[in-house]
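Labels for the chains are A, B, C, D, E, F, G, H, I and J, by order of writing; each one numbers its residues from 1.
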Amino acid sequence: MTRDECTEAVLAAKLAKGLSWQQIADAVGRHVVWTTAALLGQASMDDAEATKAAEILGLGREVVQALQHCPTKGSIGEIVPTDPLIYRFYEVMQVYGSTLKEVIHEQFGDGIMSAIDFTMDVERVPDPGGDRVKVTMEGKFLPYKKW
Amino acid sequence: MTRDECTEAVLAAKLAKGLSWQQIADAVGRHVVWTTAALLGQASMDDAEATKAAEILGLGREVVQALQHCPTKGSIGEIVPTDPLIYRFYEVMQVYGSTLKEVIHEQFGDGIMSAIDFTMDVERVPDPGGDRVKVTMEGKFLPYKKW
Amino acid sequence: MTRDECTEAVLAAKLAKGLSWQQIADAVGRHVVWTTAALLGQASMDDAEATKAAEILGLGREVVQALQHCPTKGSIGEIVPTDPLIYRFYEVMQVYGSTLKEVIHEQFGDGIMSAIDFTMDVERVPDPGGDRVKVTMEGKFLPYKKW
Amino acid sequence: MTRDECTEAVLAAKLAKGLSWQQIADAVGRHVVWTTAALLGQASMDDAEATKAAEILGLGREVVQALQHCPTKGSIGEIVPTDPLIYRFYEVMQVYGSTLKEVIHEQFGDGIMSAIDFTMDVERVPDPGGDRVKVTMEGKFLPYKKW
Amino acid sequence: MTRDECTEAVLAAKLAKGLSWQQIADAVGRHVVWTTAALLGQASMDDAEATKAAEILGLGREVVQALQHCPTKGSIGEIVPTDPLIYRFYEVMQVYGSTLKEVIHEQFGDGIMSAIDFTMDVERVPDPGGDRVKVTMEGKFLPYKKW
Amino acid sequence: MTRDECTEAVLAAKLAKGLSWQQIADAVGRHVVWTTAALLGQASMDDAEATKAAEILGLGREVVQALQHCPTKGSIGEIVPTDPLIYRFYEVMQVYGSTLKEVIHEQFGDGIMSAIDFTMDVERVPDPGGDRVKVTMEGKFLPYKKW
Amino acid sequence: MTRDECTEAVLAAKLAKGLSWQQIADAVGRHVVWTTAALLGQASMDDAEATKAAEILGLGREVVQALQHCPTKGSIGEIVPTDPLIYRFYEVMQVYGSTLKEVIHEQFGDGIMSAIDFTMDVERVPDPGGDRVKVTMEGKFLPYKKW
Amino acid sequence: MTRDECTEAVLAAKLAKGLSWQQIADAVGRHVVWTTAALLGQASMDDAEATKAAEILGLGREVVQALQHCPTKGSIGEIVPTDPLIYRFYEVMQVYGSTLKEVIHEQFGDGIMSAIDFTMDVERVPDPGGDRVKVTMEGKFLPYKKW
Amino acid sequence: MTRDECTEAVLAAKLAKGLSWQQIADAVGRHVVWTTAALLGQASMDDAEATKAAEILGLGREVVQALQHCPTKGSIGEIVPTDPLIYRFYEVMQVYGSTLKEVIHEQFGDGIMSAIDFTMDVERVPDPGGDRVKVTMEGKFLPYKKW
Amino acid sequence: MTRDECTEAVLAAKLAKGLSWQQIADAVGRHVVWTTAALLGQASMDDAEATKAAEILGLGREVVQALQHCPTKGSIGEIVPTDPLIYRFYEVMQVYGSTLKEVIHEQFGDGIMSAIDFTMDVERVPDPGGDRVKVTMEGKFLPYKKW
C-alpha cells in the first residue's frame, strides 16, 4: 500500500463512517490540525497513533504501517494553488512576505521561523460582523549560524 | 514619484534616522505589521497616516501623496520565493494547504478565510528551548454565495 | 466516489438523458451558472439540491453525497488556458486588468471585488450585427482592513 | 516618446492635476473604462480623442501622437497576477472557466465571446450588506466557421 | 465515450481501413483541414457530418454523438511544442510576430485577425528546388470596438 | 550601436517622417513583410538594402552597419504572447497544430515546412461581411534525412 | 497500437532477446543512431526497414505498421532534462549557444544548421587519459530567404 | 569593469576594427570556437591569452583583467532559446536525447560525455546539394563512480 | 519490467521484510548511499550486486536485470522540490551557489566539481545541542579544457 | 547604498586590491565560506565583522552599515542554474534527493537537516587521479514536532 492509496482509504472510510477530523483526532489523542495533516500524508504517526487512527476508521494493518512512513510532503500538486481557500495563504505570502521578513528580523535578528519545529491551530472567532478564521502558526526562531 | 521610488525613499530615510518599524508604527498610530506593509507598498494610508509617517521619516509631500495611492500588490517578485524566511510560509502552504482546507471546511462549511478583511500579528514567545515566532492571521470567513 | 468520478457520472448521465444545464438547474431550483459550476465540481450543494440534481440525472446516493463535498476548485488544469472560449477571459484580465484596478479603486477605494460573495450571469443579447454574449459578474466590495 | 513613457506621463499629469479617470473620460467623450484602458496603453485613440485627452492633462503633441499608436497589449507583466484585485478575475476564470464554456455553448453553440468586439462596464451597486462591484462584459458571439 | 476516446477510435479506424484524411473529408463534404481538425477534437460537427464521418470509418452512434460535442480545444499538450513540424509555426510567431502586428495594423488599423471566423488551407507547390508547403490562413479582421 | 538601439532609432525616425512600412519597403526594393522584419531586428540586410533603408529614414552609417548584423531572433519577449493580435497565431498553432501535422505528413511524408527558406505575405481581402486578413506562409518542404 | 506502445514493445523485445542497438541497426541496414531514434519514436521507417526491425525483434505486423507512422517527436518529456547524460547537451547549448551563432554566421552568413536534413554519429575515441565520446552533427546550411 | 561590460567592449571593438573571430583566434593562438566562447564570457583566458586578445582589439588592462575572471556561464538568457540557429541545438537534444543516451550507454556503459573536458569544432563541408555545417563535440567519457 | 516497476517492487519487498537500507547495502557490499540510489533508480548495478540485492529482498531475475539497466536519472519529479528535507538542498544551492562558485574557483581555477566521479556520505554527528546531519560530497575537480 | 550596490563595491575593491576571499576571511576572523557568503549578500555581519571587512577592502561606513543588513537571500537569479559549477549541486539534489530523504529518515526519523543552523566547508583533497573537491555540509537535525 502506497502512501497515496493509504490517504484514499482514509478519506473513503471517514466518509463512510461519517466521522469528523476532530473525532479522529480525539481518538488519536492529538490536535486536529496535526492529525489531519498526518492522515493526508504530510506527517508520520508512531505505531500507537496509527493503530488508534486505523481503529476508529475501521482500517487494517497496512494502513497502520503506511501511516508510520515518512511521507514525501507537498499537498497541493501545483506551484501556485488554484483552490481559493488555499490560494489566500499564497496571497498572504505574496503581499505580506516582505513585511514578515522586516518585522521578524527586527524582533529576532537574522534567521527564520522554523516550519518543522512548528505548530498550527485553526480557531473560529465569533464576530457580530461575521465569524472569523484565526490561524496561529508558531515556530521556533532559528538564528543563522556563523562559522 | 512612483510607488517603488517611494519605498526606496522610506527605506533610506529609516536607515539614515536609525528608526525601527515599531517606532514608525507608534508615530502613525497603527500596528507595526500593517504599517510596515503600507510603507513597503502593500497597503494604502490615508492622509493623516501618511503625513505622520512622512514626518517621522523626514520626507516630503510627494511621499505623503504616494503613500495614499492604492499600490499594485505582490512584494517578492518571484513565484516561489528563494529567501528562506519567506519560503517557510510557502512551505507551510504547500505542506499544510490541504489540511487547512479540510479543517476550515469542517468548522465553517464551504468558503474561505478573507485575505482582505484580515489582520496579522507577529509576536515573540519566550521559550527555554529557544524563543518562538508566533504569527497570527485572522480573516473573516466568507461563505460561498449561491444564486 | 471521488469528486472527479462524480463529475464524469454527471456528464455521462446528462448526455444519455439529453438534458440541458438549464433543465437541471430548473429541477434544482438554482441559477444555471451556479448549478453548472456545482455539477462540474466548483461549488458544493446542500442535501436537498444534490438530491434533486441526482434525481433528474437518474443517479444514486453516492452522487448525492459527493455533490455536498467542498471540492478542490480550479476547473481548467492549465495556468494559461488553451481553449479559445476560456482564453478570452484570460485575455480580458491581461488587457483590462490594470484598468479594472484603476476604475474600481476610483469608485470604491483600496480593496477588491469578492470572488466568493459573488454571482455571475450569462445572457444572450439579440443584436442585428450578431447576437452578443453578456457576462455579468457581481461581487461584494471588500475594503482592505487596517489594524 | 515610447508608449510606456506616454503612460507614465499621463499618470504623472493626472496625479499632478488631481483629475479622476471619470473626468478625463468626460473630456474625451468616451466611457471611463475604455478611456482608462486607452490611457494605460491597452487601446488606441483617434486624433480627436487623443487631443482632448492631452488637453485636459496638459500634455503635448508627443502624447497626442503616442496615444494613436496601436499598443502592444497586456497590462500586468505577469502570467498569474499577484495583485489581489486583479487576481480575483484570474480566479473567476480558473473556477468558472469550464462553467462559462458549458453555458455559452448551450446558449450559442460552438464559438466564443469576442474580446475585441467587446465592451465592459464597472458599476457600484448599493447594498445594505455592503456595496457590490458589478462588472458587465459584453462581446459579440463569434461562431466557429466551417469550411 | 469521452472526446479523447473518440479521437483514439477515429485514429484506429482510419489506420485499420487505410483511409486518408482527404478521403474522409470527401465523404464528409468538407475541406480536409477542417475535417481533420474536427476529427482530432478541435472543432464540432453537426449530425449529418458526424454521421458521414462515422460511416466511412465504420464507427457507431457513440462516435456520432461525441463528434457533435464542443470540445475543449488545444491540440498539443505543451506550452512550447517539441515536435519540429509544429514548432516551426511557433517559431514563425516568435520571429515574425511583431512584423505581423505592424503590417496588419498598417493595413487595417487597431484590431486582430480572427482565429474563429477563420479558414486555413495547406497546399503543395511544385518547385524545381524542392516542393514547397503553402499554408494560407484567412480570418475576418475584427476592429477593436470603442465605447 | 546595438541591434535594439538600431530598432528604436528606426521606429523613431519612421514616426517622425510619417513613413509607412510599405513606403520603406518600396525604397528598399523588398516585400513589406520581409522589410519590416529586417527593420525590427529579425532578419539581416545586405549593404545596398541597409543603405536605402537608412537613406529614406534619414539615419546614418551606424544604422547601416547594424542592419547588416545577423540578429538574435525572437521578437516578442514572452513564451505565450499577451498581445491579442500576436496571440491569435499562438492559438492557431495550439488548436490546429496536430491538424497541420497530419495534413502535411499526408501530402509530403515525414518532414517539416522550413521557417528559414520561407516567405510570408499579408493581404487584405475585401468581403461584404467584413474584410479579411489573409496570411500566406510558404516554406520549402524538408524531408527528414535517413542515414 | 499507439507509437508509445510500439516503443515499449521494442524495448521489451530487445531486452528479452539480448540484442544491441548496433545489431538491430545492422539488420535494418541503417546507422545505429538513426535506427535507435526511429525505434524510440523519433523518426519513421519505410516498410522494408520496419519489416526487418520487427523480424529481428520477433514482433508482428502492428509494430511494422506503427514504425512507419510519422511520430510526434520530442523524446524527453521535460523542458530542461534532469538526466545528467542528456543534460550535458542542454548545457552545451546554454554555454556555447552564442558561440555557435557567431561562428556559424561568420562562416556561412545569416541562416541555420538544419536539424532535419541532418545526420549524427557517436564514436568512441581511445585516449590514454580516458576514452572520449565524439558526437558529430552535420546539417545542411539553410540561408535565410529574402523576398 | 564587469564581465558583461567586457563582452560589450569586445563586440564594439571587433565591429569597429572589422575583425573576424578567426582573426582574433589566430592572434590569441587558440581555436576559433574556444576563443569566441571566452570573449563572449563563457570561458576564462590566462594572462597571455587575454593580453593578446586585448591587443588586437585595441583594448586596455581592464579588459585583460576581466577576461581572466571565471565567468558565470550561460549565454542565452532563456530556458528554451527563441533564436532559430540556437534552437536547432535544443531541438537536437529534444529529439535525439534518448537516442544519445541509449547509444552512448551501449558503447561506454553508465556515465556521461563531459561538457567540461570538452572540445567543439565547426566546419563547412562543401556539398553540391548545399554546403553543410559540421559540428563536432568531443568530451571525455566519465563513468559513474560506485562507492 | 520497467525501471519504475522495479523500484516499486524493491520498496514493497523492503517494507514487507522489514529491512533497512543499511542492511541491504551490507548484503550488496556497497555504501548505503550508493546502494539506496541504485535501488531507487539513480545508478546501475553490475550483475553480482544486483543478484545480492535481489536475493536479500527475495526478488527474481527480472529485478536483477532491471537493476543493471542505466536508468533515466532525476528522482524528484519537480523542478523545485516541495518536500522540506529535499528542499533544504535546493535552498543551499540557491543561497550558497555563488559562494561555492567563488571559493572553488579560488582554490582550483576555472572548472567544476564532478557529480559523476562523485561520492557522498551521510553521517550522524552527536551534539549536546541536538545531533547533526553531516553530508559529505566529494567529486573530482574537472578543469575546463582549452583548445 | 543598497545591498546589491554593496556587493558590487566589495567585488570591485577585492579585484582592485588583489585580495583573495581567504585573505578577507582571515581579516574578518571567520571561515572563508561564511565570509564569502556574507560579502555576496547571503548572510549578515555584526558591526565588528563588517568593520574589519570594510577596512581590508578599503571601503567606508556605508558598506559597514549595509553588511549588517539582513539580506534577501537567493544568489543565482534563476530557478535552474545555467552555470555548470552551480548546476552540479542542482544535479546532486535531482539525482540523489530521494536517496538523501531515505537515508536521513532511516538514521534520524522524520525531520530535516537545517539549512540555517548549518555550516559548510570546501576543501581540496589531493588525489593522484586528479585532486578532488570536498564539500561538507553539516546542519542540525530538526525532528518534526507533533502537537
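Just so it is clear, a residue touches a chain if its C-beta (ideal position, glycine included) is under 8 Å from a C-beta of that chain, and two chains touch if they have at least 3 such contacts.
Since the model is a prediction, treat every value here as computed from it, not as a measurement.
Look at the CA centroids: the one farthest from the centroid of subunit I belongs to D. Comparing E-F with the candidates F-G, H-J or A-B, the pair whose contacts agree for more than half of the residue-numbered pairs is A-B. Each of D-F and H-I has its own count of C-beta contacts, and the greater count is at H-I. Distance between chain centres (mean CA atoms), subunit C to subunit I: 47 Å.
Averaged C-alpha coordinates give centres for subunit A and subunit C that are 29 Å from one another. Touching two or more other chains at once are residues 33, 72-74, 79-84, 91, 94-95, 101, 105, 111-112, 114-116, 118, 142 of subunit D. Interchain contacts (touch definition given at top) occur between A-B, A-C, A-D, A-I, A-J, B-C, B-D, B-I, B-J, C-D, C-E, C-F, D-E, D-F, E-F, E-G, E-H, F-G, F-H, G-H, G-I, G-J, H-I, H-J, I-J. By the touch criterion stated above, subunit C contacts subunit B in their complex at residues 30-31, 33-34, 43-44, 70, 72, 101, 105, 109-112, 114, 116-119, 142-147. Note for the complex: subunit J touches subunit H at residues 15, 78, 80-84. Chain contact summary for the complex, subunit A toward subunit B: residues 20-22, 32-33, 36-37, 40, 42, 73-76, 79-81, 83-86, 88-108, 111-115, 118, 120, 122, 124-125, 127, 129-142.
Chain contact summary for the complex, subunit H toward subunit E: residues 80, 82, 84, 87, 91, 94-95. Residues of subunit I that touch subunit G in their complex: 65, 72-74, 79, 115-116.
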